[in-house]
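Look at the two complexes coming up: subunit A is in both, with subunit B in one and subunit C in the other.
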Partner chain A sequence: MRAFQILIDGFAISALYALGATGFTLIFGVSGVLNLSHGAIMVAAAVAAWAAASILNVGTYAGALIGVAVALLTAFATYFAVVKPIQDSRRIPNEEKEIFVLTGTLLWGIMIQELIAYFFTNNAKTVLPIVEGVVEILGVRTPRNEIFTAIVCCFVIALLWLLVNRTRTGKAVLAASMNPRGVTLLGLELTNIYVVVWAIYGILAGIAGVLLGMFLGVSSYSVGPLTASAFSIVVLGGLGSVSGSLIAAFVVGYLETLTAYLVSPAYRTIPALLLLVFVMYIRPQGLLGRR
Partner chain B sequence: MKKRLSVALRIALGAAATGAVMAASGAALAADPLKIGVIAEAQAIAGASIPQAAQLAADEINANGGVDGRKIEIISYDNHSSSADSVRAFQRAVNEDKVNAVIASYISEVVLALEPWASRLKTPFVTPGAASNEISKSVHADYEKNKYTFHGYLTSAALALSVCDGAKDLLVDRMHMKTAVIMSEDAAWTKPLDIGYEECLPKIGLKVLDHIRFSPDTTDFTPIFNKIEGSKPDVIITGISHVGVQPTVQWKNQQVPIPMFGISSQATNETFGKDTNQAAEGVLYQGVSGPGVAVTPKSVPFAENFKKKFGNYPSYAGYTAYDEVYYIADAVKRAGSTDADKLVAALEKTDWEGTIGRVQFYGKDDPFTHSIKYGKGLITGLMLQWQDGKQSAVWPKDVAKVDVKFPSFIKLSN
Partner chain C sequence: MSTFFTSRLFFISVALVIIAATLPLYVSGYVLGLLTVAFYFGVFAMAWDLLFGFAGEVNFGPTFLIGVGAYTAGILNSQFGWSVYLCIVLGALASVIAGLVLALPALRVRGPYFGLTTLVAVLMLQNFIVVFADLTGGEIGLTIPDVITISAGANYWIALGFMTISAAILYGLSQSPIGLVLQASGQDPVQAGALGFNIVKHKLAAFIVSAFFSGLSGALLVFYFGTASVGTVVDVAVGVNVIVSAVLGGRRTVLGAALGAIFLIVAGEFLRPTGELATFIVSAVALLVVLFFPGGFLGAALSREARS
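What follows is the complex of A and B.
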């Protein structure tokens, strides 16, 4: 009974982690950007969905769409207002650009976080679930919303796989992640590819944020932990490797759930962080890292 | 002759001018505002009501002529729920903005950080919402040093008593419940609360089957509810303040069949309904007052005026902050001065009927020195329940508007 419970709960949370981390790793793989405003974008999506549904009364579906749209806009704002100016700057030496992007996105994330806290308080918000009620699975009372979350996550990740591997745009993105110089030699504009990647990222982060808002709820305090969890999943899986991130998401998700059930909910995140440190020692490139 | 006259004229003019300046400065002295610094968690559900309620009280007092002709000026500072920010705000309030007294915070950790500063800067300081026993115990332990701090809200020990008193009538006598699990967040205020619960719950006939303390950072409460359900209690006794929305929403989404009863600070604010998408339905929480509950003749008018001005009913700390501005003003009036020591002496003699009951402070020899007195005829607290999207009083009988009722997923075992 408890084993099933862990299996079911762990799956939902892992799928959500996977979705959140996929976009994060995609951006790094293609453009070398570690976006530390990731958590803020997810929270912005969830709070926007909550505000649209609860304050403007637009309904659950429209609220969720508005949440994803807000994440998309915020992702574009991150790229055009923070990342691109740093990448294009002639005054910042090339070898320092990465650290500038890290700092820039971190500060940008804090700005978004403070804005959310200012306008919507720092208390948690929960998005009204699209499906309500519970069902019994293997004797475990499971909220329908939890199943919905897992299905949507898997579906979106599958869609992403199709996009990257089966479409022309996707192949260009994949090529850019392997050899950016080669892509420009083929006559493709690298900036256009980046815009596509940021758009994909925005949508993924938005969906993950709204689902998280429905499943567990978020507050402006969630910004840091969400960025940190995406970061550790991606590092564990191997920076830039989408499949590595997927595996790492499930490892972290299940490890956390096991700890919460078998040890104590208070220590939930600790074993996953220890594992991260351990992997860094013996395999610094992560589980499926390329370098 | 002409010259002499002009000298005389000049002297006369000079005298008149000096007199006028002196008169003006005298008038300015009399009209010098009474400044109260309000340091609060403006971005948190429970804290947001503090500066708003204080301002409302000041506006009312000023409209009625102020304190002996002096207006009250509220200077508020957002502390972002941080102790460090609060200490800086306290220093600024006293040293630069020259406030006469400070009202601050609903978080025990913040209040405990401010307490030594109230002593160092010799400034009377009242908290509208923190609960830790340590606040007033420190005053008792070193009275001369810490006498500037007043605990304007119930101690955790008193809160536990209040919850047990309510539970005895509602849960044990009426619903014949026998067992409970305590679920509380790990924070300074819940340590004495839990000790209080462990002591008083068995006395009223509720056996404590398990006791779960969790980190205030917890986001997924599934394992916690799962563990609680495993021990099959009749009720979950809560001690939550930093968290509130997430456990409540997950309780409803997962349809945990056990009622929640106890302290849930966020549930005291009307915005909690919206923040949880009405998942709060059925949650039973302890309060010192509530919308439409006439604890005293002042309670309902205050709550209604607050709602008119700010769009929602106040949190519990709104009621206490409102009362605090009134009894600080009253103490200044009785002391005839804003001198810190005289003000402390006057505050100690407070006997004020506010929105939460009759406010008096425990004395130097009581273990909880400067904490508000708990008991019949003073402050007893009440139990409220979220019903049909509204907060309704269910206990004690004399203020109860409705009967306890639960959403359909709650399965009462008796």
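What follows is the complex of A and C.
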């Protein structure tokens, strides 16, 4: 009974983590950018969906769409206002661009977080779920919304896989992650590929944010923990490896759920952090990372 | 090094310290209290700059070192009632040990991987503080029975003196041959090693020095506040402030980091009337500096001087 509960709850959480981390790892894999405003973009999506549905009364579906659109716009703003100027800057030496992108996106994330707190307060907000009610699976009372979350996450990840592996654009993205110079030599504009990747990222982060808002609720305080969890999942799986991130998301998701149910919710994040430190010592490149 | 004592930077620094030392004679206790915190923060930022600017280690967890120093000093004082000075020294030593623990992964992994390890170190420390709430006061914070002194002026002078001495030592170290070797090993460890420098030894030394000053400053801050809490010395947001200070002031300048920290804290206070938007404005200004003056305040000033 309890085993089933852990199995089901863990799956939903893990799928959500996976969706959130995929976009993050995709950007790193293609353009070497670690986007520390990730959590802020997810929260922005959730809060926009909440505001649209609860204040403007546009309905849950339209609200969710508005949330994803806001995440897409924020992702573009992040790229054009913060990341691209740093990458193109001549005054920043190349070997220091990484830390500048980290600092820049971090500050950007704080700005988004503060704006959200200013206009919508720090209170936790729960987005109205698209599907309501509970069903009984294997004797476990499960909210329909939890099943919906898991299904959407898996569907979107599958769609992403198809996009990357089966379409021309996706193959260009894949090629850019392997060898950016080779892609430019083939006559593809690297900036266009980056814009596509940031668009994919924005949509993924938006969907993950809105689902998170329906499933657990968000507040402007969730920004830091969300970025940290995406960052650790991605490093655990191997930076830039999408399949590694998926595995890592499930490992972390189940580890957290197990600890929360069997030990105490207060210790929820500790085993995952310990595992992360352990993996960093014996296999610094992560589970499936390339060096 | 000898050119430093005749340089304009040296005279400006001395003049600033002298002006700062006379402040308690004519400003209010409120301003002094603000600057006291800013000075301790300045030491955090300078210690961070030594690690990042020179050793090239992206340390996202300056608060791990600060927090270990601060909490060790605080717990020893509140549990055993040992004297304040002994607790401060022991806090700094505990922080050095923490620095060695943090240095171990740094010798194996680089760049973002090391950055993450340090971030995890902070999260772990935060978790442990909450889990062992009996000892640490948990999320509410630890109340510390003793303080160094209650006089605002004396506290201010202690902080100023401490920052000045730390700045002199850290700056001297960064300009010494050791600083050069650190810079070389940060930029190209293989080549620096091939030139016969012991990189491991130098990096460990950088971690120890950085940890020592972070811990010492953290312990002093705790005895100034009379309390230690996650929000003031451990939280990731505090670490972010330290990093932003160093980048704002100009990385690889050490002294700039202290300027950045003072600016950040004073600006935050000036913007207090704007309410919740204060943090937004400070972050926006910091982002603009990062984008348009990547050298930071001191970097921009120094390069102008070098050009003329």
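Definition applied: the second predicted complex is superposed on the first by the 291 of 291 C-alpha atoms of A that agree within 3 Å, B and C clash if a C-alpha of one lies under 4 Å from a C-alpha of the other, contacts with A are read in each partner's own complex, and residues count from 1 in each chain.
Here is the rule we go by: contacts are C-beta pairs under 8 Å (C-beta built on N, C-alpha and C of every residue); 3 or more make two chains touch, one makes a residue touch a chain.
Predicted model, so just to flag it, every value in this text is computed and none were measured.
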| item | value |
| --- | --- |
| First (subunit B), second (subunit C), both or neither touched by A:Phe76 | neither |
| Which superposed partner A:Ile92 touches (first subunit B, second subunit C, both, neither) | second |
| Touched partner set for A:Trp161, first subunit B, second subunit C, both or neither | neither |
| Contacts of A:Ala117 with subunit B and subunit C, given as first, second, both or neither | both |
| Partner chain in contact with A:Gly104 - subunit B first, subunit C second, else both or neither | second |
| Partner chain(s) touched by A:Ser232 [first = subunit B, second = subunit C, both, neither] | second |
| Touching partner for A:Leu276 - first (subunit B), second (subunit C), both, neither | second |
| First, second, both or neither for A:Ala266, with subunit B first and subunit C second | both |
| Shared subunit A contacts, counted only where both subunit B and subunit C touch the same residue | 117-118, 266 |
| Subunit A - residues contacting subunit C, complex | 34, 82, 85-86, 89, 91-92, 95-96, 98-100, 102-104, 106-108, 110-111, 114-115, 117-118, 224, 228, 231-232, 235, 239, 266-267, 269-270, 273-274, 276-277, 280-281, 284-285 |
| Subunit A contact footprint on subunit C (complex, rising order) | 52, 58, 105, 108-109, 111-113, 115-117, 119-120, 123-124, 127, 130-131, 187, 236-237, 240, 243-244, 247, 276-277, 279-280, 283-284, 286-287, 290-291, 294-295 |
| Of subunit A, residues touching subunit B in the complex | 5, 9, 13, 53-55, 117-118, 121-129, 132-134, 141, 143, 145, 216-222, 225, 257, 260-261, 265-266, 268 |
| Residue numbers on subunit B that touch subunit A, as the complex places them | 43-45, 48, 80-81, 186, 213-215, 217-224, 226-227, 243-246, 249-250, 253-255, 266, 271, 274-277, 279 |
